[in-house]
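In what comes next, chain A is part of two complexes: it sits with chain B in the first one and with chain C in the second one.
This part shows the complex of A and B:
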């Protein structure tokens, strides 16, 4: 209670306890926080692994999202509980940093908290638990590095990359076509990768979805796809060897930023102004034409007259192209974004082998494909599918796979999936625990047990007898000293993850351990929880 | 204070989640309920629905329809799984135009099968992997069963007619399906392989009977000539424009007129007029005798044109202008300084005609013949609206078939072929998946069952006879609902587009898989509506 008494026994209120304000202290606070976190983790648990299930999220406006991606689920479920929000942030930061493993990290954090709770019950001080977890995490990260393998790949041998991308895609709904999508992702990343600097700018890969057709129809477009069409219905629909003028100024009379009024006082002025206006359009189009351009892409709109003049001069044009797309087009075609007509010249034009307008389906849906660009460093993954939700989910899966491939290019060390890495860490931490003579020993053991949560969830989701299966794998790993034995989730009868081709990136796994430990430490440290009710007006 | 045992509120107040079996059940029930709703409209003897929109001012706009997509676009659903079904129906409509009911019914049946398996404690992932195997087998069987007459023009035209007839037979137009099938095929063949249906104009004119509907080779514009201008122009030279013909404002920002005397004011007015006059002169100097503008034409230019013997049509809407340009082979013009480089449109004859009581302008003998107009006649506007939807479906399917020339047989025949292939494959598959494959085959068999149920026939009897025929090796057997027996679909000419069937199969399977994969539904708190 936030009430103490002064020496004469009168109550002394520190925190006014009203309906709106809540306060939890000490063990209660920790317990309630852990409960909230584990309930989130439990929710995600069933989404883990190749046989994981999906979640259906209904937004406040009634929009439906079906997804398997941890970060998306947490992001859209509008969590209210303050500590649960930490877990949402946790999966978000895994998403930002690594891109994949967003479900795994939350499951791990949940398991750690659950085990921490039993330690708290035993009366171990939260700080000691934190210290122990910290130590265990260090050992785990070290062990991961030890068991990791270097993945050798080059331009001619992309197989290892494709395998890793496949592992990521396997858990998503598009796993029916995982070979195809993994292939697309690897090719896309390599197209834009800077192999010398070992870095990839994923902004250069655009993912464009379009409902209709089937998932197999998805493809990698060597260029840019823009959801726009030619500004005039009679312009040519195909431009070969396009020289593209990329403009950010409208085909309209100039609008000076300072406020002005032009005062017309007599007839001459009126006519002069009229002629001037006509000249604007003629000049603008002429400047484009003179620069040698045969396609104009503009961020803004066109006046009717300018539009027609463009048509008359056989200069196809696209209007209202978004800022991000304009940049991508500029990068892909090697052109410069030109903000004024006067600055347009041949050197600033972009070039593309083929620009074509493609019509889809029975409605007037058109898209512009800019292909065979001068600079291949910008590509588009074009996703098709039976409905909007499946395309959104495919996009998310592709994003994850792209991130994984990028991480591999940055650091080509891998560990093996299927829970094998977690088991190896757990065994190692268990060994180390015996060597410690202080209370932290318990925390280390708890950490080791918590690591088992991932393979257990995997086995459970795959319909296996989880405890039985886990103990079998564990003893096998111990016996054979082979850290690659994991949960055989797809029922192939082979538990060696190297031969099954289940790869995960080392940095992804290490990051999972570190992030989960950090959040758990943070939650454990909270011993007082004051919630100010929302202000009501 | 103590929070023991009390549930911790994690979600926003108002939000809730459904878990595990509850979630699955609510999804499956929602989806099957929606599919049951449209089920009765499926097939040649399907029934129609009346849609009455709610809300102020709309309640009198009643629609009577048989088109799955239209029904589903109009109903409001809460259930998230049902929303997925609506989504696939919309995609089907946008992509191929027809088969919107089929895709929802098939998906509903797949889910119903899935529900039974779930009750037998089979894991959803097992069902999904079984469905996937089955989809592949069914797709292969469908590909094998299709016929391609794309090279043979005569046979292909016959195919098209058959497809049009099959599509129309489930719609309101079935009375006159022969007539309309001919109309639709002719219209689509004029497109020369383009799928852009905007060049086929459908005009609804109440009055007359449905049989009076016709295809006009020329183009009919629902507008009239200006006053005092010729009503009939032979060898018309036409300028199609999109320009302001009211007052030509100066577009330079901030221009403002300020005069010191009335005289100057008059001068400017004159200048304004002369500007318009110049514009008109320029237009006339193109050597035209008909001017069509997208925007309004005011009295002054109207008068000027009349004086110079040029007819003018104002306010042709956006689509009208685009179509006209397409038909007449003209540019859409907004500036008039270069008559030499402007392509003018031409037509042998432009005249005012009467349909019913309305005056319309008809262009015949046009330069390019790709576009055409279908004039629909009928007793009332509901009938016409539904006819247009039906005809639109038929046109969509036909235009898609022109590009993907393969065809399959209808009347439940293709479904039976697929079901047979899946059943056979299931028997060869070891493991739990085979049960799911069998369920998939059963769902496919439901399609002919629904057709015969809707026709008021003994479905159990008919479908088993149909199945037996197929096992005997009669691959063309299907349901002939008109006489209520099994017949040879190829002889009857019940043909469907391969593309439609393919899309139905794949979309339905995809959506069913998506719904089955869900084990948890999280509802966010509904957004507060501010008054």
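This part shows the complex of A and C:
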């Protein structure tokens, strides 16, 4: 920031380290902010839609991520620019709230800003622009609700849910097996959902990946998969109709928490101590046996002695299972977590139809599958894939799909994808714009134009002539009054998104509009950037 | 232009920078005006935001006090402006930008007189006179909202909160939504309106419209141990017990050491420890509560124990959340589980763990004596929610002030115009220099409507002329700037209301600050302190303030 001089030529320092501060004011500030944001949006544009491309991101320590999930890309890019960071937050918010549409929201925000810039050039006051955008956003949200359809589904008819999940998965790397994955996701969510309260706790769905095998080997396990094996190699590998004791105490002599020392003065006492320790082990194993358990899962370790005893008593056991997994196992099997051996009884045991240790390929990796749990409220999606990158990307895709299904359970209204909803909103806003007599009219028009950015990007990414295609769709929508006509990205020759089965959740779309508008509003409202430190603006 | 001294006599240490006289006074005024220049574009509903970035975090704000605080101003005279903004913020919570603009304008008007050779003390005296006149007039003009018509108090308060929020990011079309939220929150408090009892939680994600008010308490799910998911997550007519003890298997005495000679005694020690914790848990269960909250940790053992008995528990609940639960449900925080009488157990209509964005929230609603409220703010970006919180804080403060003192004036520059008009009239009745200076004060007051118009991109001269004209007429008292349609309007009728307290405080502290700057005619800057300041500056913080 430049130093100011008074009448007699003396500088006065008003701010600390004034000369090091940089300041951008007025139009320059707005322009630079908008340019920074649009460049982020341009970067994501190519990742939009079923034909969108992936990005490869290499982190500082050489980890490679390949993804086309907007939130992940932005997160890993480590954006420096303050205003551009707002867009990163934006996609993160969409991810947190909806889980899907993280790319679309950034593309939309970028387009809005681009159009705002032309309005600024015309000399329209930024707050008038944001007022207009807000009005437009409200109209858009209403229009979305109007054209939305209720998706009826129940336990026996999951088809609509699967279709929506498929739309999400289509743009991801696992789209070759989208039917399978969509099916897995829907079943998983319904297993853990509380349909009465419309609440789904996604923590109860465990996504476990394992390198090797093919993507289509992935499956839904109605139970839990843990990356552990039996504590002793000679224990039996398969337990049918397992009664599981879930313990959070180690197979060791109990230790009081109060500091203690045992004073041993002679040989007899020592032997007594030894005998007592032995007794503990025998008792502990006996207690497990007596309760009727035929499998022990323990959060802590076993003494070698205890391990041996367990083997002798033909009681298979698993040790060092993490707290979260213990909890999931308890929920899945309907068992209770038992904090000490004295409290074990038959009522507290969990049950599973089958517990087996599975070996993969030629490697010695083993995993424990706890399956066929009755009335399970916790499930695992087991993902296989050629390499770690694919598995990670598949996990992200599954997460997105899970979120979408969850949203449908919360609110079962849908709109149609392929840019059709955006076009419908755009048409409607354009119509409303003409009714407004003030400056906001321009802002509304700009908003309508910006909405076209999504179908344009979709068409572009699909290798179509975007402008040509868009104008065709637009006129067709107007002519037929059918808001379901969108970009035919997969080249099936059918542009009605209902028959193509491209569904998106209504709340997801509404959220995109609202979030994008709000962030744009925030960026437009800044007319002064004051920067301390070395960051270049 | 350092002051010349008699040769040979060294009065001050070498390098001491002294500057005095008229030049110094003018330079101070200039410094103040340049600070005001930074904040003045944030005034009003069309005001813009500032983005401040200190290398790590960025703040986007429209709140005058926040901006000058982050600017880190070191100029001694300009600092007084920062101080009045801060005091306005802590005293009334709103109007921080206007107070600085007013002070700046008073100084700008005074500059002319100083240049013309009027003694600063004369200016100060007249300014004081003007201020006291204006404050008296303000008292005369203010309107008691309870007498203003048939509307309910709530609606009236919403208008006040709405005016505050207008200039903020969450204003505009959503202003109404948030104004109502702020009013409902404040109205749910009891007599002394302790705003600590309004919890504001920020959850990133979602749109602003997804923000909601809980007429009770809401807090984020605390860290939980295995077994938590097996607990029930919703209750009707919940009974709540609040604790301040650890429910963990632990050494009861820290420095105790046990010596055992007989290995058989070992088991008894272990059993004794278990017995202690189980006794505690049994007593809690026996108390009949089905929600257990503790300020300290609730371990895995207790979590599972409660899960087995269909009780919900949360450990490590933050102190202020616990206080709010206590206020809302009537539960008393217990430091022991012995003798838990039914009176200390709170109750609430419904409890639920709900998904909010990416987090799970514990929400208590339907509390019998809800003297507390929680606002859960949502928004697309961290800075966004932070600014929303600041704005909401302003609104809450204003509502609180208005509840206590129900006198209001019309905003949009109307009250400033009215006062200015009154002063001009008065000035004509007095003789001497005072007349000119009071006239200048009156002119300075007009800066508020002028800036409002300017920020909205209107022709400020035109608007001011219209306003001046209107204020000479009978019915023109409450005419101010009409932001929506370039022009003027009766802002009292269009519900642009501000508590008169805000204006009173702003006027008196702005005058005080201007007078303070005017009364300084010499700055002596000690070279040593400057050096220290330099060192401290490099250490990243410093408060070496030269003598004024």
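Going forward, the second predicted complex is superposed on the first by the 510 of 537 C-alpha atoms of A that agree within 3 Å, B and C clash if a C-alpha of one lies under 4 Å from a C-alpha of the other, contacts with A are read in each partner's own complex, and residues count from 1 in each chain.
Quick note on the criterion: a contact is a pair of C-beta atoms (placed from the backbone, for glycine too) under 8 Å apart; a residue touches a chain by one contact, two chains touch by 3 or more.
Small disclaimer: the values here were computed from a predicted structure and weren't measured.
Peer 1: Check whether A:463 is in contact with chain B, with chain C, with both or with neither, and answer first, second, both or neither.
Peer 2: Only chain B is touched by A:463; chain C is not.
Peer 1: Does chain B (first) or chain C (second) touch A:531, or do both, or does neither?
Peer 2: second
Peer 1: First (chain B), second (chain C), both or neither: which does A:207 touch?
Peer 2: In the superposition, A:207 touches no partner, neither chain B nor chain C.
Peer 1: Should A:273 be classified as contacting the first partner (chain B), the second (chain C), both, or neither?
Peer 2: both
Peer 1: Can A:473 be said to touch chain B (first), chain C (second), both, or neither?
Peer 2: neither
Peer 1: Classify the contacts of A:176 with the two partner chains as first (chain B alone), second (chain C alone), both, or neither.
Peer 2: first
Peer 1: After superposition on the shared chain, which partner residues are touched by A:521: those of chain B (first), chain C (second), both, or neither?
Peer 2: Only chain C is touched by A:521; chain B is not.
Peer 1: Quick one: is A:261 in contact with chain B, with chain C, with both, or with neither? Answer first, second, both or neither.
Peer 2: In the superposition, A:261 contacts both chain B and chain C.
Peer 1: Quick check on the output: what are the common chain A residues between the chain B footprint and the chain C footprint?
Peer 2: In chain A, residues 253-256, 259-263, 265, 273, 276 are touched by chain B and also by chain C.
Peer 1: Which stretch or stretches of chain A touch chain B in the complex?
Peer 2: Chain A reaches chain B through residues 1, 23-24, 28, 31-32, 35-36, 39-40, 43, 46, 51, 53-62, 64, 66, 68, 73, 76-81, 84, 173, 176, 211-215, 232-234, 252-256, 259-267, 270-271, 273-274, 276-278, 281, 303-305, 307-309, 311-312, 359-365, 385-390, 393, 462-463.
Peer 1: With touch defined as at the start, can you tell me which chain A residues reach chain C in the complex?
Peer 2: Residues of chain A touching chain C: 4, 6-10, 12-17, 29, 33, 82-83, 85-86, 89-90, 92-97, 125-128, 130-131, 134-135, 138, 197, 199-201, 203-204, 248, 253-263, 265, 269, 272-273, 276, 299, 323-324, 326-328, 330-331, 336-340, 438, 510-511, 514-515, 518-519, 521-522, 525-535.
Peer 1: Would you pull the chain B residues touching chain A in the complex into a rising list?
Peer 2: 1-4, 8-13, 15, 17, 23, 27, 78, 80-81, 83-84, 87-88, 91, 93-97, 123-126, 132, 195-198, 242-243, 250-260, 264, 267-268, 270-272, 275, 322, 325, 331-335, 337-338, 341-342, 396, 399-400, 503, 506-507, 510-511, 513-515, 517-527
Peer 1: Of all residues in chain C, which touch chain A in the complex?
Peer 2: Residue list for chain C touching chain A: 1, 19, 23, 26-27, 30-31, 34-35, 38, 41, 45-46, 48-55, 58, 60, 62, 70-75, 78, 169, 172-174, 204-210, 225-230, 234, 249-253, 256-264, 266-267, 269-270, 273-274, 300-301, 304-305, 307-308, 352, 354-355, 357-358, 360, 379-384, 387, 456-457, 485, 537, 542.
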